[in-house]
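Listed next: structures, encoded as structure tokens.
Consider the two complexes below, in which chain A is the common component and chain B and chain C are the respective partners.
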Partner chain A sequence: MDVIRRRPMGAGRRPSPARWALIVYCTLVFVFLMLPLIVVFPISFSSAQSLQFPPPGYSLRWYKVYVNDPVWMAATWRSLHIALWTTVLSTVLGTLLAFSIVRGRYPGKGLVNQVATAPLIVPTIIYSIAVYGLFAGLKVIGNWQGIVLGHTVHALPFVVLIVGAALRTFDMAQEQAAEGLGASRLTAIRRVTLPQIRPALISAAFLAFISSFDELVIAMFLGGANVTLPKKMFDNIQLEIEPTVAAVSVLQIVLVTVVLMLAARFGSGARPVA
Partner chain B sequence: MTDTAAAGATAANLNVTGLELSNVVRRFGAVTALAGVDLTVRAGELLTILGPSGSGKTTMLKVVAGFELPDEGSVRLGVHDITVASPARRNIGMVFQNYALFPHMNVAANIAFPLEMRRMAPPMIADKVAWALQTVGLTGYDRRMPSQLSGGQQQRVALARAIVFDPGLLLLDEPFGALDRKLREQMQLEVKRLQRRLGLTTLFVTHDQEEALVLSDRIAVMNEGRLEQLGTPQDIYAHPRNRFVADFIGESNLFHGRVTAIEGGIAVVAVASDLVLRLVAMAGMRAGAEIGAVVRPERPRRLGSGEAADNAVEGELVEAVYVGESIKYRLRLSSGAELLVRWPFRAGGEMLGGGARLRVGWDARDMHAVPWS
Partner chain C sequence: MSVLTGVLGRRAGRHGPALALGILPIAFLLVLFVYPVLRLLLFSVENGSLAHFEKALTDGLYVQVLLATFEIAIVVAVICLLLGYPVAYLLATASPFWAGFGFALLLLPFWTSVLVRTYAWMIILGRNGIFNRTLLELGIVDQPLALLHNTTGVLIGMVHVLLPYMVFPIYSIMKRVDMQLLSAAEGLGASSAQAFRRIYLPLTLPGVFAGMTLVFIISLGFFITPALLGGGRVMMIGVQVERLVRQYLDWSLAAAVAVILLAVALGVAAFFRRVLKGDLTWT
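Up next, the complex of A and B:
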């Protein structure tokens, strides 16, 4: 019955006062959240010596400072390097864990699941202190590999949760079909299962990358002289107030956005192979 | 018992293999899914495992396919013992209930998959895929994705994928369940023709007794992990061996009674004080035995006044259901028992109304006994 059917929200009618309130509220929240992000763009192109808004004039000088400073560049490459290793390790390990948790039939599976997702719940600082204690004993503080390990464990929950969710909805009959048609278990997973959960794998890898590339606390504890990009930014803000950090932020935002777009492009939906 | 139906198919392919299950037991905790099943599927025959859900038929299929291992017993395909072989090494083509096509591969890639796994040369793969597509009537569909196909077409692809590598056995797991009635009947006949033409030894699992009767060379009726009866469709329909089979296959009237006498090969069975039935005595049947007397609903005929029959009963019509080509009537007999009869409905024929009194009768040879306990 047409009479009973609800109108689409706000279609063809003046919004009610409640709706206006909602729109205003949402806009305010949005502006409040986005403002720091937006402000950083003009500041990064500032010609001024210090962080000020609005900038008195525009230039690329802070980008030049950043690119020409070996310390900044070293920190950037180090962070990228660590983030890529973390992505690979946590995606591979997390996917294996997800398979074990979703498919496995063994005692203690619940515990494995809890432990794998625990880094999400444990405060990063607590985690960092614990790992610091462990790594100090092993004398691996200050190695970039140490940071990779720390970040990998930290990123594991994202991968386990995302890939696990995808595996739970995957039709096991397909893997059985592949096996029945002559594929080994491994081939069945490689040719049939993985291609179909690819969107989840890509999302998981992306989140793992971001979680490492952005991470400050663990890197601070484990890095020693190996300063990562977030650590360098942190130091920079503490020691000197100048817009290089704004330029770096802008580049970071751009990089993450590009990765996000790539993930969306290649991560969405199963697509034809042939 | 006549088991000649499969003989014609066997000649079509000399390489065909038979399947043999010996004393297969599979338990899940306290539940016994298969309680020692012995079954032989002859080369080239289509044998149906028919049973209600929970009867063990799915477990049996999994044991044959290799997705479950039996706790006891053995499974042989041709000369090979495949009891513990991995699914990949069994060379069995299977059509899954939901087809399990690979959605990320096109039709040709789906069908080529088992050939690739066997490391066949690409030109040969192309030939075989073309042959399989032609066999299932889907030539020209090789580039389509499974999601672009109708249910019937998806099923054909699944079938093509299951036969393209010349499997020793074809397994069909309720493959027609998702299709609408008309398409289902068409696909059943097509599968049957294909199976005959290729001489494929086929094990078909279903809970649909109508489907089983249409398709099978032989039917194995399963219940609670056991084989209740094995025979041709005609045999099982006409001579159910026990109450379960009588009840599960088709519709039937089952009367509980005691044999009072055996006169010239005819057993007289007292069901109630005013209901005495006559049926062909089974070997070894003795007076005093408790039995079930089974008569199919299409057997009783309407009797005119004064007309006699081996079994004659009178009852009141309590329900009439028109089911297209025939009408089902439910009669309440004076003893309180009910009798279901089904008569063909001819154009211009009359449909009897409720409350009418009818006399019906059937021959002793249209009725037979099943053990009661």
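Up next, the complex of A and C:
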């Protein structure tokens, strides 16, 4: 039956000329996507005094500059510290919120759902000046705790969407069965539900970490003189393009790669939503 | 809790726990998100006057910035569509191995800091950058092309950041299309091109609308990319708002511009939801 023959395109069949054209076109798009990530590698190992391509020779001098500079190091530790707190806070709050939205049937839930994902729609620059105005009034600009709060708002929608998607596909009957067998509601959630949505929790936590570690605009407004790693990079880039930033970029790309691989291996993947 | 659930829920006994779980994060968002944003927006109508809106909508500079921002956002959305639709199609029809590989190539840049990527584009696109060097050495051009500190550079950087936001929603719609419909159409005499144009394209249009909406809305608020790749010459609303707050300390005007930006973003999102019946979550 030729008419209803299912054709899994590209699976084991010789691609048609049109398919080849598509593959070539998409390969170019993927090259465009990967090019900036690849380019910083040779630059970061350059032995040149300034930015040169191709580098005249290779060395670790820019990595040494980075590691031996107390300002770069302080910014790095500050960012790690902030990202870890943001991860904990946004994963806990986001999971609670996801439970509330998916399980609850209270009036105003639709509004809660919209508020929970609104930080995705409100541009970061607007949120940044909004929270900057608030914190400046409270005289807490420059406190790392303030940046954690801002970054948690920023990361919360990702956690809610990822954990919420996992909760929606979770079979409630299992939890009810546990309760029927005598477990309390809390025990049932802790022993039955949470272990099953663990991959989503892990992915959400990793992505919350990256979103904070990479975030510039909120940290720029709330950080004051206490610059985070992205702010330090931003300042350097604006001043002069020199290869230290390339070395830091390479380390960031490696970190993101490792985190994504962990999210793919132990979590539910790294796509922003299910 | 009992007071709250008593007020809010008719069947508070059953639904109280779910609401109670949400109280902490909801309070968090109210205090640290809703309150500061509303507070900022209220600055725009300080003293009950609409003068700041008038300035933002009539002053040549601000009108120019608003229009330039919309124009860039539209161009970025169209380029992302042209690049993203074929990629989504390839991923949706590839074998699991190659689809996974393609997604890795999409997600790695997606989660890499915008700052790192913008810096890399500065290295690539500069006057003495890698791209111009290559073109000069190959004798394709005599003069280095101006790719940085202008709109071209900003567009390249923004498309790079936003392309995944186009691919994800189109891909998830494509995965739901029943490919047998195409076989059926071809069996009934349609050419592959006709089957694609008359059946596949209309069926995947919701994904296209979702991607376009998402990319357009996110483009409006861009700051890092225009600030660095535009070199101060490409004014977008985000850059202008930052300048108003940090350099001119003009909170009221910044707030008025922010209100306009938000209104457009929410308006586009609402149009998408109501008229196009779309869903902005990308599942």
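Everything that follows uses one rule, which is that the second predicted complex is superposed on the first by the 253 of 274 C-alpha atoms of A that agree within 3 Å, B and C clash if a C-alpha of one lies under 4 Å from a C-alpha of the other, contacts with A are read in each partner's own complex, and residues count from 1 in each chain.
Operating definition for what follows: a contact is a pair of C-beta atoms (placed from the backbone, for glycine too) under 8 Å apart; a residue touches a chain by one contact, two chains touch by 3 or more.
Values in this document were obtained by computation on a predicted structure and should not be read as measured data.
Participant: Once chain A of both complexes is superposed, is A:138 in touch with chain B (first), chain C (second), both, or neither?
Facilitator: neither
Participant: Using the touch definition from the top, say if A:126 reaches chain B (first), chain C (second), both or neither.
Facilitator: second
Participant: Where does A:254 make contact in the superposed view: on chain B (first), on chain C (second), on both, or on neither?
Facilitator: neither
Participant: Let me test your reading of the model: by the given contact rule, A:73 touches which partner, first (chain B), second (chain C), both or neither?
Facilitator: Neither partner.
Participant: Would you check which partner chain A:24 touches, where first means chain B only, second means chain C only, and both and neither mean what they say?
Facilitator: After superposing on A, A:24 lies clear of both chain B and chain C.
Participant: I want to verify the contact counts: of chain B and chain C, which reaches more residues of chain A?
Facilitator: Looking at chain A, the partner in contact with more of its residues is C.
Participant: Once chain A of both complexes is superposed, is A:60 in touch with chain B (first), chain C (second), both, or neither?
Facilitator: neither
Participant: So, A:262: does it touch chain B (first), chain C (second), both, or neither?
Facilitator: In the superposition, A:262 contacts neither chain B nor chain C.
Participant: Going by the contact rule set out at the top, does A:195 touch chain B (first), chain C (second), both, or neither?
Facilitator: After superposing on A, A:195 lies in contact with chain B but is clear of chain C.
Participant: What residues on chain A does chain C touch that chain B touches too?
Facilitator: Common interface on chain A, chain B vs chain C: 270-274.
Participant: In their shared complex, at which residues does chain A touch chain C?
Facilitator: Interface residues on chain A, with respect to chain C: 2-12, 18, 22-23, 25-26, 29-30, 32-37, 39-40, 43, 51, 53, 93-94, 96-97, 99-101, 103-108, 112, 115-119, 121-127, 129-134, 149-150, 152-153, 156, 161, 165, 185, 207, 210, 213-214, 216-217, 230, 233-234, 237-238, 241, 245-246, 249, 252-253, 256-257, 259-260, 270-274.
Participant: For chain A, which residues count as touching chain B in their complex?
Facilitator: 171, 173-174, 176-184, 187, 191-192, 195-196, 270-274
Participant: Under the definition above, what is the set of chain C residues touching chain A in their complex?
Facilitator: Where chain C meets chain A, its residues are 5, 8-9, 14-15, 17-19, 21-22, 24-26, 28-30, 32-37, 39-40, 43, 83, 86-87, 89-90, 93-95, 98, 102-124, 126, 129-130, 133, 160, 163, 168, 179-180, 182-184, 187-188, 192, 217-218, 220-224, 228, 238, 241-242, 245, 251, 254, 258, 261-262, 265-266, 269, 281-283.
Participant: Write out the stretch or stretches of chain B touching chain A in their complex.
Facilitator: Listed in rising order, the residues are 65-67, 86-88, 90-94, 96-98, 100, 102-106, 108-109, 113-114, 117-118, 143, 145, 161, 165.
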